[in-house]
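See the structures that follow.
In the two assemblies presented below, chain A is common to both, partnered first by chain B and then by chain C.
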Partner chain A sequence: MLKITKYVVYDILRSKVLILYTAFLGIASMALFNLETDPAKAIISLLSIVMIILPLVSIVFSTTYFYNAYEFMELLVSQPLQRRTIILAQYMGIGLCLVLAYVIGVGIPMLLFAPGEVSVILLFAGIMLTLSFTAFAFLASVLTRDKARGIGVSLLLWFYLAILYDAILIGILYAFNDYPLEKVVIGLAACNPIDLARIMVLLKLDISALMGYTGAVFQEIFGNGLGIAMGFVVLTLWVLLPLWLSVRIFRRKNI
Partner chain B sequence: MIEIDSLCKTFGKLPVLRNLSATLPAGRATAVIGHNGSGKTTLIKCILGMVIPDSGSIKIDDQEIRNQWEYRNRIGYMPQIGRYPDNMRINQVLGMMKDIRGRFQPGLDEELVHKYALGELGKKSMRTLSGGTRQKVSAALAFMFSPDILILDEPTAGLDPVASEILKDKITESKKAGRTILITSHIMSEVEELADDILYLHNGTVGFYKSIAALKEETGEEKISKALATLLK
Partner chain C sequence: MIRILIWFSLLLHGSCLFASDLEVGRGKGFSTLQSAVDKAKPGDRILVYPGTYEAINLKIEKPLTIEGKDWPVLDAKGKDDGIAILCSDVTVKGLVIKNTNRGSLKDYAGIRVFKASNIVISGNQLINAFFGIYLSDARNVHVTNNKLKGEAPDQSSSGNGIHLWQCANSVITGNHITGHRDGIYFEFARHGFIEKNVSEKNHRYGLHFMFSDSNIFHNNQFVKNGTGVAVMYSTQIQMLHNDFAENWGGSAYGILLKDIKDSHIRGNRFEKNTTAMYVEGSSRVKVDSNRFVSNGWAVKLLASCQQDTFTCNNFIANTFDISTNGTLYMNYFQQNYWEKYDGYDLNRDRNGDVPHRPVSLYSLMVEKMPFMIFLLRSFIIDLLDTSERNVPSLIPENIVDVTPRMKELELND
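Right, the complex of A and B next:
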């Protein structure tokens, strides 16, 4: 498996798109930390980037790469290799490169300028989000043969999870204003990796006091070490679930 | 030996293989022929596990291949259109395959790599290659690991006459070495030259499966193209 991953990594590093992405993240985070006097504020701005750009780049890049590497997979499938090995090696290669870009572009500046608990949580949340959206991209890619349709499905998924979901959530909160919804909101937030990651980071910042009673409930659940650990377990599920589904589908796929 | 038993495959609503059964013995070359879309490539892809049949079984030396992968160590496959990662170079593709498969076979058969001078072309990227050169790479890869079973999907299509002769010699040599060979072709003179048996596919099922000698005898024709024309009339 590692042999194939090696070729995938080698191939991605030659394509320069990833280097541009790393540079973009690096410039954005350096700029934020240098322009803001308060590192906490810079982290909030960085959080918006991580929650929007990171999933978008991860899902689009992975889907495009998957389709472009179709020939490569065709070649491998006819060789003495398990299908599971082929797709997991591919996943590891892409995931590794994207995580590396994030760690270099955002992780290192963040830990240099604002070392602390928040930065560490944001770093790991970002890594999990990258891996999760790469897995979503694989799922979209094994479901459709057509490249354009695959990228369409990926973009819709990103749009839903990054933008639409929040709007629906706020809609629900307004509509059922009179009922105690705190627990429901936590449940709903766990159903979206981006929301979950965002809440986990926000609660480590002082601004959670502004979120009223809901914020207090969140604080009670996610405020301690166990809550954070639970959050990461759910995020891990958001990586493993789409990945497992795509391996399952790929094993039965006609190449 | 490859035993195919009542193989069925449908793509969407289109049935491609219908209840196909045949046994390809070891040490013989079988030519699979049939008109375009008769299921030749699908049959090959089923044997390679690239396409998963809806029903039926394929056994290689009494070993069911469904959900298996190790058996592919014994197969050399030359696809109809060799598709390779665009930004890899020839020697990278060759090196990668050695890397993946080499550990199973210590002695590599690099005769075709040398005869096609792929070493000298090694720096060229796969994107820039002509169809014929790609075919050369495919052929070199199919024979490289000295497999017992060779599956060649229109091997000489796109090759120049010299390269074509080199490949045919290699196929004949492999047959003498007792390997099982499955070949598809539309060129009847080539079939006559290389194959012992003919498996004629018609709409996804076996039209007939006979040795070339029997075919000629039956129809009283000297050339199989004529014999086929008589038989299919």
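Right, the complex of A and C next:
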């Protein structure tokens, strides 16, 4: 398994795309930290990069790589190897590279220029989002053999989770605004890894404003460290769930 | 004979003019404070040496100076008031007053001043008092450098630190108040000067006043109080260079202004409050040269306010700068620095060429539906805000700063 992962990592590192991605993240975060006088403001800008660009790159890159490595995978399948091992090794390779790019491009400048709780939470949230969207990419890829359709499904997934979901949420909240929706909102937020990651960063970044929300549920859940811990547990579920689904589909798939 | 009479009258007179010292303490002239107070003549000084003394509603009914040496402790043993000053020209210094009674019928106090003037209460410690220093119907009272520490667990069982009722010309400086219900409480107190006090971690308000006109608040700190600071129904208040910080909670305000008129709020620092400033029904309030930093809401200015002006303030790193609840608006914003402003300055006059609208669509949404706060910093929200700012249709059009500053203002004065 590790052998395959190693091979995947070498293969990705040889292509220029990942290096470009790392460089983009690095330049963006360095520029933000140098242009903004207040590091907190730079973190806010970084937050939107992490919430939008990071999932997009993760999902598209992983899907493309998956299809490009299809022949290699067919070769592996013909070997005496478990299919689960093959796909998990692939996942680990890609995930590792993307996380590495993120940590080098965003994590290191962030911890250098703005060391603190917010940066640490944002770093972990970004890592979890990368892993989660890589898993989503695998799910999209095992669903269909056609590359164009696979990428289409990935893009739709990204669009839905990153942008559409919040718009729908606003619609729902507006429509049912006479009802007590506080629990519902938290539940709905947990149904989207991007929203969840965003709220976790906000808990450190905008705590003054969030404390203005008097809902007892909110005080209970987010008033202490428990909220952050629960957030990470649910985010981990958002990595494991799509991964488990794609492994399951891949094992029974007729290649 | 006549000579003797003259001498005698001079002697009598002299005993009033040249006050004597009475000493209280182990091995001194008096063993209890009460006996010294009983014996003292007007104008005498009572020196209290270290030790613990009983002071259960110790009434002072003649002009005296009571001075503690090395912190003598006056214990009210949970029975009544500590000291009650019932006459003018009394000075109380350097005492530790402890354990007054608590109750809901009577406001027991560590030091009570009633119908008196020219009182000095300075450098005392009040520990576990229900009310700390309670002034009613008093004039010219100086309350300086006292430390007040309440030990009641919650709001309903605690009293106020420094409480003024119907007072005038009070000077309250350099006190430190913590653990009380309201740190400093004024009702019908006029022409007061409140300077360099620290009021922190009180159960309710750091500072609370009503119907108290013409007071000056200067260089005080109000930090981490249960619900911040609330000031109501007063005119001609001046609040200068105070600190309002870290008041967190749904109904906690850095400062809440309700029906405040013709007042001036200048040079204050508001940091990390849920709502830095909440203004309701107030008119002709000038707010200038303040710093609003890292608050949830910097200013909530309700539509019931008129002719309030906000000039030359810095709004930095607040989640929301201005929020309101209506559309008719007669308040003015000029020359403030808004960190969120993204305009430009082509003619180099240091003011942006494009007006800034500090109320965002999202802040209106949150005002209506508080749970919308969970969508803060979402991409779609930013998108809505940006488009609304460029083509305003829902946000009140007349809440606008026509001359927003390009750079942060230096506020050092």
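As a convention for this text, the second predicted complex is superposed on the first by the 241 of 255 C-alpha atoms of A that agree within 3 Å, B and C clash if a C-alpha of one lies under 4 Å from a C-alpha of the other, contacts with A are read in each partner's own complex, and residues count from 1 in each chain.
Here is the rule we go by: a contact is a pair of C-beta atoms (placed from the backbone, for glycine too) under 8 Å apart; a residue touches a chain by one contact, two chains touch by 3 or more.
No experiment lies behind these values; they were computed from the predicted model shown.
Once the two complexes are laid over each other on the shared chain, residue contacts for A:Ile52 go to chain C alone; chain B is not touched.
Within the superposed three-chain model, A:Asn254 lies in touch with chain B and out of touch with chain C [touch as defined at top]. Counting residues of chain A touched by each partner, chain B versus chain C, the larger count belongs to C.
Once the two complexes are laid over each other on the shared chain, residue contacts for A:Val106 go to neither chain B nor chain C. Legend: residue contacts after superposition of the two complexes on their common chain; A:Ala69 is shown touching chain B, with no touch to chain C.
Of all the residues in chain B, the ones that touch chain A in their complex are 11, 45, 48-52, 69-73, 75, 77, 79, 83-88, 96-97, 99-101, 104. Residue ranges on chain C touching chain A, taken from their complex, read 248-252, 272-275, 294-297, 316-317, 319-320, 339, 368-382.
Residue ranges on chain A touching chain B, taken from their complex, read 3-4, 7, 11, 14-15, 68-69, 71-72, 74-83, 252-255. Against chain C, in their complex, chain A makes its touches with residues 38, 40-41, 44, 47-48, 51-52, 162-163, 166-167, 169-170, 173-174, 177, 181-182, 185-186, 189, 195, 198-199, 202, 205-215.
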